[in-house]
Amino acid sequence: MNKRGFASDNNAGVHPRIMKALADANGGHCIAYGDDPYTAAAKEQFRKLFGECDVFFVFNGTGANVLSLQAMTQPFNAVICADTAHIHVDECGAPERFTGCKLLFNPTTDGKLRISDIKRHLHGIGFEHHAQPRVVSITQSTEMGTVYTVDEIREIAAFAYANGLLLHVDGARIANAVVYLGVSVKEMITDTGVDILSFGGAKNGMMYGEAVVILNPALAANFKYIRKQGMQLASKMRYISVQFDEYLKDGLWLENASHSNRMAQLLCQEVQALGVTVTQKVEANEVFAILPAQAIEALQREFFFYVWDESRCEVRWVCSWDTDEDDIERFAAILKKLLDN
Amino acid sequence: MNKRGFASDNNAGVHPRIMKALADANGGHCIAYGDDPYTAAAKEQFRKLFGECDVFFVFNGTGANVLSLQAMTQPFNAVICADTAHIHVDECGAPERFTGCKLLFNPTTDGKLRISDIKRHLHGIGFEHHAQPRVVSITQSTEMGTVYTVDEIREIAAFAYANGLLLHVDGARIANAVVYLGVSVKEMITDTGVDILSFGGAKNGMMYGEAVVILNPALAANFKYIRKQGMQLASKMRYISVQFDEYLKDGLWLENASHSNRMAQLLCQEVQALGVTVTQKVEANEVFAILPAQAIEALQREFFFYVWDESRCEVRWVCSWDTDEDDIERFAAILKKLLDN
Amino acid sequence: MNKRGFASDNNAGVHPRIMKALADANGGHCIAYGDDPYTAAAKEQFRKLFGECDVFFVFNGTGANVLSLQAMTQPFNAVICADTAHIHVDECGAPERFTGCKLLFNPTTDGKLRISDIKRHLHGIGFEHHAQPRVVSITQSTEMGTVYTVDEIREIAAFAYANGLLLHVDGARIANAVVYLGVSVKEMITDTGVDILSFGGAKNGMMYGEAVVILNPALAANFKYIRKQGMQLASKMRYISVQFDEYLKDGLWLENASHSNRMAQLLCQEVQALGVTVTQKVEANEVFAILPAQAIEALQREFFFYVWDESRCEVRWVCSWDTDEDDIERFAAILKKLLDN
Amino acid sequence: MNKRGFASDNNAGVHPRIMKALADANGGHCIAYGDDPYTAAAKEQFRKLFGECDVFFVFNGTGANVLSLQAMTQPFNAVICADTAHIHVDECGAPERFTGCKLLFNPTTDGKLRISDIKRHLHGIGFEHHAQPRVVSITQSTEMGTVYTVDEIREIAAFAYANGLLLHVDGARIANAVVYLGVSVKEMITDTGVDILSFGGAKNGMMYGEAVVILNPALAANFKYIRKQGMQLASKMRYISVQFDEYLKDGLWLENASHSNRMAQLLCQEVQALGVTVTQKVEANEVFAILPAQAIEALQREFFFYVWDESRCEVRWVCSWDTDEDDIERFAAILKKLLDN
């Protein structure tokens, strides 16, 4: 058995129910590329959650984000985002490469983009020498483990709309935000006016697969071509679809996120009890904290995790659907020993 | 249980041994993105088969082909291929879109590119008004179910090398060719001078995953960036890797291909016995044949398959790792009835 | 004084009236990038010729063609053209590179695309595995010196429209076609249903500059961004505009083309009188002919020109606005001597 | 005669000597696309100035910058620049669109990038999730009218080299910097270790045309294809080349820049004498200053110029090769009146 750590929810395995669903869907032939009953069923689950929408399954989060932006832009456009955004920091320039667009970004203290951050980038609209803003992209929950309230999203969507912009949400960890806010994903996404959502699965118990959920129907017409040309059309689609069906049909996605959020709360309490400074509000499944430099390395030998900001000894710990209380107790015990030295 | 047909080897399910390997790899945490023991083991399997090489796992065949070409070209280059090539016909223009290159192609009778087909496109070399040929891309086994001999590949590789070109092989069905020729993949690919091979898995019993096998080490240095920017880096990599490990480690890939080739032979014999004209040599797992127009539709109601060339009533039947003799007997029986009417 | 030849109308100089207009526009300051009175005047000339239209000046023909296609397509589209098209053969893959689109082309005998050539490429519409045809691009006059009739253009435009396609005309030598047919450019282009025309200037007496004439207003909205991002926005725009104003305002463009067409007719007669086979109808300013291999090189030492098809000793001669009868007499005399040997 | 203003050196006309050179080069035929004696002569002028180098003429500054970056990068690379850089602010996203690269930028106080600004962006090198820094791009003289010293450029080049980066200089106003520093362009560019320079002409008395000067020979091999595919190859090349020949051959470029620099000094003194705050060192041909809001509009009615930073009433005035002392006296007189009110 592989050891559990706090490096990333991508390091966790696949939930047993997902694994079983994969096995159950095996056997016999299905039409490839999505024209199969598993895909129809999974899409139906999305419509139950979001109301009317178009759904396209892709392989991974970078694919979901980049193709979403592609559907919303022309190459002379710009995308406005936080400087911590995955699309800006962690996708090796794929958004610029594939959409042709410029990314306009802002430093934020907590990973959350404000209206004022967006406004700064709008002065060049209509002036052909500047890339033309067309999309605001926010991450829910953010890369800093914080969560936009429903009102904040509604306000951003309204501001975007009023300024001729579209709103994209990178929801690689959307489940954690839904659970944290205790609202439905429809209230958070459909009803606030989001245009496209990248809906994550892999970080919360699936094996692979991400869904592009298009709430603005005008953006859906050509998406099948964008997906195929974007190298994100799975041949044996049923194996993505059946995962999403199982993930959504009776709340497994919320159960998993609920658990990882709770574990993050526990972890936060434990390390704060040890006098450790936690640098961000713990609203989803991540904890950011400052550790003494020498403790970091020693702790990493026991539990793998990443240093977030070397200059100030800030580290990131991520809880997963399979993190258990023992993991946290052991972690806290070891950390205590290191800090006591 | 889903019904089996002859539409595509992409329609078949996952081999039980692959399914079991996925389940066995589940549990606990693994470092994401490929720095895990499953990936190391799978790469080792590739090196056992090919000798020294660099291997990068990606999600699908289009991804493997496009990223391979990206690693071999600059945007002002051209890629020479057969007009039946998957990269030309079936990838929605992804190669042009992502590499920036022009595709130069030729009609062929059997899906196999000849030296003379390549030569036609070389006259503009050095002349800046023309896209500059840089890669020859062939498919093994071809989209027409035929197979290049080892000598043919060696000859193309030598010609390419002599003309400053690189050789890419789209091996979505490489296993079927290896089995047909009865040679090792090293003799067929490494020793002939192929530069990069797209090595397929999904069409022959895997769930998802394709490998880019780089034989020319000069092309490997930047591939990790190309893969990430190309949206083809899996987060939970272990689940691709463990499939490849199982697929390769004691010959499952050859077993499966051997079976589907044999089924195609059987199918060919059965339909020829009914007087049906088979239009291509059956060397891999595909049978191309001419049917009376009215028989096609009726037959499709029983067994799903595609019409290849409407204008001459040519159809394509593909056998899979899970096709069985009963499928073929039933198919032949129904076809017989339709032809007898 | 540089010697005149028959290699290309691009080799000719600038008409004295254009040169004088440039000098006259010099002095003092003008707002850069097109917001100046010269540009307004030149656009007005275009509207006089074409009726209501949007006009954008760019640097060169490749720029005009590529940006026109960019305005008409999304990256998953395809452009249908003749295999002799400049966009296919002579732009180093710029159309694919910048639009992301695939070019679908056909051999033709005379450079003219027929409805049947277009039809062949439409079978994949709606099927996401194939690049989606969106534009038909024809060249008027063609690269083979032939001219589409007004009826032929109208028929292609209607067919395109009926099939959801747009029509682009590469008019690098549009003036020669207008003169040949004896119709107005409005009858030929606006009234037939062309969507965008690349209107050439440099091959017919201008120094540099090409105009993108957008007849379909839906395609104009974003063109200013496409031009700027496409690196084709001139800072000192007045110097392109004043050329176009002079070129168009009282028929200089037709005079020049009329002359070069007439010279091509004369050249054709002279060489035919020597027994030389002319391989294409001479409708514009180009003559294609077969010469004995040994005569070609000797003739090239006296007059520079290009071999078109080495395999059959076909050469191309282009007449320019400044070709004179003496040039042709001298040329014919030398050719006669070479053929007599 | 068009009125002179202080909006941009792009608004000025063409120097009479350049105009005469254009007229002198007219007449007769020249091989198109650069294989002509004017181009050979102009390239020779560049080699006299820079020492051994490859030179490619293009149409405009955006073209020169984008193609230079294209020659230095692969799509997964990043380019580091100041946040005032023309490539970042004023090219409508063309660098991202055409190279595929991400731009990494920093705020600066004076348009000059420091080593510490570059360092901040290097932490992700070798980590595939991040775009890989490959080029540092600086502007000389900067968009803020300041000038890098030779030592500063040498230091940046050395730092770049030590970190596996290349150095690009956007020299749209390189002449103004050469004159200001009183060094040769060879000392400033070749000897410091610059890899590619965009050498401007249009802002300093030419009609159109920019030169890409490649000092690092490894970057030159494919540039002719990059230029053609990049839509920047002029057909009637002689008319760019002859301008450069005249511009360079006996110092016209330095004379013009010397004059515009001197006019900027004069303008600076005049407005400072009126109590106006000048916000940047005046080292080249630009003056940045703070004016009372109500004075700006009134002044713009007499002399066209741009507001640089609306939020603090900062304006930009640019002097040109044809600005004269009278212009400045009149300007200062009007400004005085406005300020006195």
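In order of appearance the chains are A, B, C and D, and numbering begins at 1 in each one.
Criterion: contacts are C-beta pairs under 8 Å (C-beta built on N, C-alpha and C of every residue); 3 or more make two chains touch, one makes a residue touch a chain.
Keep in mind the model is a prediction, meaning the values are calculated, not measured.
Q: Could you give the fewest steps needed to travel from chain B to chain D through chains in contact?
A: So the least number of steps between the two chains is 1.
Q: Relative to chain C, which chain has the most distant C-alpha mean position?
A: Of all chains, A has its centre farthest from that of chain C.
Q: Could you grab the centroid distance between chain C and chain D? Build each centroid from C-alpha atoms only and quote it in angstrom.
A: Roughly 33 Å, centre to centre.
Q: What is the distance in Å between the mean C-alpha positions of chain A and chain D?
A: 42
Q: Multi-chain contacts in chain A: which residues touch at least two other chains?
A: Counting only residues that touch two or more other chains, chain A contributes 33, 75-76, 91-93, 97, 100, 128-129, 131-132, 225, 228-229, 233.
Q: Which of the residues in chain B end up touching chain C in this complex?
A: Per the touch definition, chain B meets chain C at residues 75-78, 89-93, 96-97, 100-103, 123, 128-132, 310.
Q: Taking the touch rule as given, give the residues of chain B at its contact with chain D in the complex, in rising order.
A: Those residues of chain B that touch chain D are 33, 74-76, 100, 128-129, 131-132, 222, 224-229, 233.
Q: Touching residues of chain D toward chain C in the complex: what are they?
A: Residue list for chain D touching chain C: 1-5, 7-8, 10-14, 16, 19, 22-23, 25-33, 59-63, 66, 91-94, 97-98, 202-203, 207-208, 225, 228-236, 239, 304, 320, 322.
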